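Read from first to last, the chains carry the letters A, B and C; within each, the first residue is number 1.
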Amino acid sequence: MIPTPDTDIRPDVEARAALEAIIMVTDEPADPRLLAQLVEIAPERVDALCEDLAAEYASEGRGFELVKVAGGWRFQSRAEMSPYVERFVLSGQSARLSSAALETLAIVAYKQPISRAQVASIRGVNVDGVMRTLQQRGYIAELARDPGPGQAVLFGTTSAFLEKLGLNGLDELPALGEFVPSPEVVEALENGLRFDAMEDVDMSAAPADIDVDIDVDIEIILEDSEEFVVDLRTSSISLDALDVLADDE
Amino acid sequence: SQCYGIRMAVAVQTPVFEGPFDLLLHLILQEQVELYEVSLTTIIDAFLIEIERMDHLDLEVTTEFLLIAATLVELKARRLLPGLDDGDLDDELALWDERDLLLARLLEAKTFKDAATVLARLAASAAHRVARRVGPDERYVDLTPDALEGISAEQLRRAFIRATTPKEIPRIDLYHVAPVRASVLDAMAELIAELPGAGKVTFRDLTAALVEKLEIVVRFLAVLELYKQGQIELDQPARFGDIEICWIGSEQEASAELVDAYEG
Amino acid sequence: MIPTPDTDIRPDVEARAALEAIIMVTDEPADPRLLAQLVEIAPERVDALCEDLAAEYASEGRGFELVKVAGGWRFQSRAEMSPYVERFVLSGQSARLSSAALETLAIVAYKQPISRAQVASIRGVNVDGVMRTLQQRGYIAELARDPGPGQAVLFGTTSAFLEKLGLNGLDELPALGEFVPSPEVVEALENGLRFDAMEDVDMSAAPADIDVDIDVDIEIILEDSEEFVVDLRTSSISLDALDVLADDE
């Protein structure tokens, strides 16, 4: 039973048992290359043997499974058994992700490496808090710095993110193309933003005395860098007028 | 010109929208309304609320809000007052550009919103499988006398944060496997063992070592029961002050009989 | 096969898989009584099924075994495979401290002096084994005893711990910064009260036949401090009040 140093002549039976023994004591997914080194077999054989084992456990109806997650092999409880496993208070189960966190994660996952400002621009909101939380939980990490001026920190997803989603790699994420809005949605949005004249508009609803030459200038003044004042200064329309306009609907 | 402090006006209930795109997508897609029908004040209010909600002002994002608001104001005004174009082609084209840009960004936001729902599904499905994270057992402890080798203080800090971050709320009712099963009977038995000969004890002391609030409550009920049976005397010198407990029953009697009395 | 009690109707196949799933993910030997509760079968059947499983793994030549240690069931690598496991441990790729141990150590380091029960309450699991290992390794030690009647042992970190981390004192631990633990954790730390699962605890678990007409009128209120405060002289107590109390967490 003492391991012999010759490479890859180890019989399947022993290699399989050795893999089971090692993976049983790893507390994160075991890299096939490391396993290959330890068991002295080729990395491809590690994967093949683990796949065999996984199939065996499944056919035997075991309560656990062997899966490849975040690039490594690990034991985990089988999904069907979750009612039993969940009865038991587990540590390390992190809170469910908010929709803000999920959207931010989706952007980072598909667009990495990406800066905080770029994420904010896509989401249209400040993402500092969400990004900080995701970083603390270990789902995203600083990957690099933008070589350009400003040297913004660029973020990417981590293996903890892959584990959270039960993925082996980012390539298992559905292609972004699958999420491109359907023609119906595009049409709905286009309609929503239509500004050409509508024939059926009842013009009597519009206040008669509003100057239509609208020209909204926006001026933002930061006073004392604390007080935030917005001046919606317009040549011929004021906020009051807008209210009138809106109220008239 | 007029100045509007952002802090004014915004006492409306915060909507669930995550920013201007979220809001617009909701208005246009979910509500199936056209901008024409949407009250402009609603939009502006929602935008102001969003700005108000930001922890600290991010000039870039705030500007974003305002630019989008301005575009919307223009689009809306055009549609409310059709046929009054003064024919300035440049203005017209600029507005088209603005609109296209806004549309493109809405589509992008929508794309990632949909991607996020898939991530949520994946995460939910992964959550049904729990990873084994156990590590080598004690047979291998001697191989690595220094288990902290390579561990930095920073890793320790992160471990602390991990351990104290809110845990997922179990979806399944835990009551029948509740780790704590406090019973008044057990608590009485404990008190009967502890109190005689202990002199005057405060309730605070009696419960200082307890971890579960339920245990404390149950112990309190046990104290009341013993009081009712005349085994202890209670005193509380100050309102909401410490409750003092003193055993006055006979020590011989301090037995299962009292517990039986409770059951009966 | 042991006689099956009336309530014990779960088929073997499912009970076995459930046991495998739970034991696979626990980091302490799993008490048969707890397993019995979780799987809803009799404790003796837990032992019988686990013994069956253990025999199966042995006959299949698995690299792991199911053994009863310290009164509980756990998976571990089979002794014959220990040369491989040792290689793994020595490779430096294995986490020297399991994440459970590291989290426990971190809690003790940042919140000392702290009782075992408080640590367990924060981690949401039994920490006896982990605490014992940390103590054996000399990273934590008993500091004092809680002055209350329970006299819980309070733990803290040792100078060996500081030395290993290259710190001169506890004040050199990295600041927790802006991180704010969940309110439940704050409460657990401040009051030594356990937080998890409380909201699921049906108060009917407390005997329902409590005599409300006790001679003493009492009032239980939750002050801002969340402290359990009782006034014997005022008002009255009802189980409803207790429910409110539990709900308030």
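By definition in this document, a residue touches a chain if its C-beta (ideal position, glycine included) is under 8 Å from a C-beta of that chain, and two chains touch if they have at least 3 such contacts.
Every value quoted in this text rests on a predicted model; they were computed, and no experiment measured them.
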item	value
Innermost chain, taking as reference the mean of every protein Cα atom displayed	B
Chain at maximum distance from chain A, centres defined as averaged CA atoms	C
For chain A paired with chain B, centre-to-centre distance based on mean C-alpha positions, whole Å	21
Inter-chain centre distance, chain B versus chain C - centres from mean C-alpha coordinates, in Å	22
Intercentroid distance (Cα basis), chain C paired with chain A, Å	31
Residues of chain A whose C-beta touches two or more other chains	24-28, 64, 75-78, 85, 87-92, 136
Junction residues of chain B, two or more chains touched	130-137, 140, 161-163, 165-167, 170, 174, 177, 179
Interfacial residue positions of chain C with respect to chain A in the complex	13, 16-22, 24-26, 34, 38-39, 61-64, 75-78, 80-85, 87-89, 91, 93-95, 98-100, 103, 123-125, 178-179, 196-197
Of chain C, residues touching chain B in the complex	24-27, 34, 37-38, 74-77, 82, 85-86, 88-90, 92, 94-107, 109-110, 115, 117-118, 120-124, 133, 136-137, 139, 146-152, 161, 164-167, 172-174, 176, 179, 181-182, 184-185, 192-194, 196-198, 200-202, 205-207, 210-211, 214-216, 218, 220-221, 223, 228-234, 242, 245-246, 249
Of all residues in chain B, those that touch chain A in their complex	1-7, 18-22, 24-25, 27-29, 32-37, 39-42, 44, 50-51, 54-55, 57-68, 70, 73-84, 86, 95, 99, 102-103, 105-120, 122-123, 125-137, 140, 158, 161-163, 165-172, 174, 177, 179
Complex contacts: residues of chain B adjacent to chain C	130-141, 143-144, 146-157, 159-167, 170, 173-185, 194, 198, 201, 203, 205-214, 216-218, 220-221, 224-225, 227-228, 234, 236, 239-240, 243
